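One chain, chain A, links the two complexes that follow: it is found with chain B in the first and with chain C in the second.
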Partner chain A sequence: MMVVITYDVRTVDSSGQRRLRQVAKVCQNYGQRVQNSVFECIVDAAEWAALKLRLIELIDPEQDSLRFYQLGNQYKNKVEHVGIKTSLDLEGPLIL
Partner chain B sequence: MMVVITYDVRTVDSSGQRRLRQVAKVCQNYGQRVQNSVFECIVDAAEWAALKLRLIELIDPEQDSLRFYQLGNQYKNKVEHVGIKTSLDLEGPLIL
Partner chain C sequence: MKKLLNTLFINQPDVYLSLDGDNIVLLKEQEKLGRLPLHNLESIVSFGYTGASPALMGYCAERNISIVFMTINGRFLARVIGASRGNVVLRKKQYAISEDEALSARVARNFILGKVYNHKWMLERMTRDYPLRIDVAQFKETSLHLSGLMLGIRECEELERLRGLEGQAAVSYNKFLDSMILQQKEDFFFHTRSRRPPLDNVNAMLSLAYTLLANDMASALEGVGLDAYVGFMHRDRPGRASLALDVMEELRGIYADRFVLSLINKKVLNSGDFIRKENGAVLLTEEGRKKFLTAWQSRKQDKITHPYLGENISWGLVPHVQALLLARYLRGDLDEYPPFLWK
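Let's look at the complex of A and B:
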């Protein structure tokens, strides 16, 4: 199934910047970055449980947020993209 | 039906900052901002056609991107939120 993960991580300090990098890194193990703060992950139920738990552990819930959208298995006709494709070096320092 | 709209707008110059404000403003007419660059809109087919067209006109496709996720009518159990709720004054000047 596809799960779309969007996140806002507050990056005013170095711990926030670290959380942002960690969230992105964990998501990258399961899916593809499609925008700066949007990942699309193809996971089974067990993978999703593990991924979700890991992400919830990583963020600071008083400063950051995660949002999850379940697109199921028939996701291909539910997703549309317009404009430039993400091709930045998003693992480098991000100035947000 | 619910459509989730995510966007990356390149804001290195004033025209990019203007595009970002315009995209957010148009989305706000149809839905709710749930993260900095994520809107959830409840629309019928005609509204969705109009909204999508307007957004596509607004962005610079060589610098920006839009991504649309169709969650259908049974969307309530497909969306999950963790962490802080968006409560910033997101219509003010955004430092991205």
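Let's look at the complex of A and C:
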């Protein structure tokens, strides 16, 4: 299934910048960055549980926010892209 | 059932593969070409020379993602495998059977039975689908001949005799491979199998398809804990995945030949996708290989009902299922190895 993760991390102090880097890193390990703080992850249920837990542990709920959009398995007709930097289709033929 | 994960093909000679976190990063002259999370991948096939970082190889070996290196022409160079996994007892059983001629023959005959059965039904399918374009009488006659050979194979207890019967079946089937090419006949023909190097377009495609299938088969066998290098019919030779070649026999026609035929008959590839070298070798161009691999990947996504398990799986999982069934037979959970019989 595909999950879209977006986040806002407050970066006024250095601990905020650290959180931002860590959140980005965890997201990047599971999916591809489609815009600056937007990630598309293709995960199964177990991977999703682990990923979600990691992210919730990382942020400071007083200052930051996370949003998860579950697009399910039939995500292909729910996503439309306009403009530069199209993403790779991770489930289609991967020939680079 | 296991989920069929994707295969990443690197189709350019100068790309370096490296690891960053849980991602594979493709570098071309220090420039980032792509970055993919590895948990979506099941194998990586690289056509080129630049290489991969040891960190990436270690990561993949640990997680059972196979990395295969090929030359730009599609000749197999190396496959990265990690520490042996799975069950020692199973492997020992495999070695014991492989040492014993009669026991080996008993397993091997099922691979060959599957092969001949699938070839027979490929011929029958042609007579059903294109009765006006082929010589139906000849096809039917060979199909009958193959049925006769199957009876012999079913009872065969000696490896030498089995090889003989297999050879006979292969000769009768190969004669018809050319008649199964219905389109673009001036550019695509099959007279005889040539390899290292392949000397015509069809052989170039067959070679690539067999190599890809052999890699998938070897990974699948390693994945269920078997040793892909110890076979029952193919003799042991350093660096040769004999068991993968053994199990592959039943899939050659139905999985590889039929795929190549469909590429020709649907005109996915044409004569412009091949180049001829000075020594007569025929190779796919970069563009041609891309078309080939794209079609190969989408074929793997097609859903079928496995004839023995009755379960709905993707084509790409067939090697894995056969490896699993073979492991069950060696463990004694099945009385006989059930080959993949596709009608």
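As a convention for this text, the second predicted complex is superposed on the first by the 85 of 96 C-alpha atoms of A that agree within 3 Å, B and C clash if a C-alpha of one lies under 4 Å from a C-alpha of the other, contacts with A are read in each partner's own complex, and residues count from 1 in each chain.
Here is the rule we use: a residue touches a chain if its C-beta (ideal position, glycine included) is under 8 Å from a C-beta of that chain, and two chains touch if they have at least 3 such contacts.
Predicted, not measured: the structure shown is a model, and the values here were computed from it.
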item: Which of chain B and chain C A:84 touches, first, second, both or neither; value: first
item: Contacts of A:66 with chain B and chain C, given as first, second, both or neither; value: first
item: Which of chain B and chain C A:57 touches, first, second, both or neither; value: neither
item: Chain B versus chain C as contact partner of A:28, first or second or both or neither; value: second
item: Chain B versus chain C as contact partner of A:43, first or second or both or neither; value: second
item: Partner chain(s) touched by A:4 [first = chain B, second = chain C, both, neither]; value: first
item: Chain touching more of chain A, residue-wise (chain B, chain C); value: B
item: Overlapping contact positions on chain A, where the chain C interface meets the chain B interface; value: 96
item: Sites on chain A touched by chain C in the complex; value: 25, 28-32, 41-44, 47, 88, 90-96
item: Chain C - residues contacting chain A, complex; value: 3, 6-12, 15, 21-23, 26, 33-37, 39-41, 290, 293-294, 297-298
item: Residues on chain B engaged by chain A in the complex (per definition of touch); value: 4, 6-8, 34-38, 55-56, 59-71, 77-86, 96
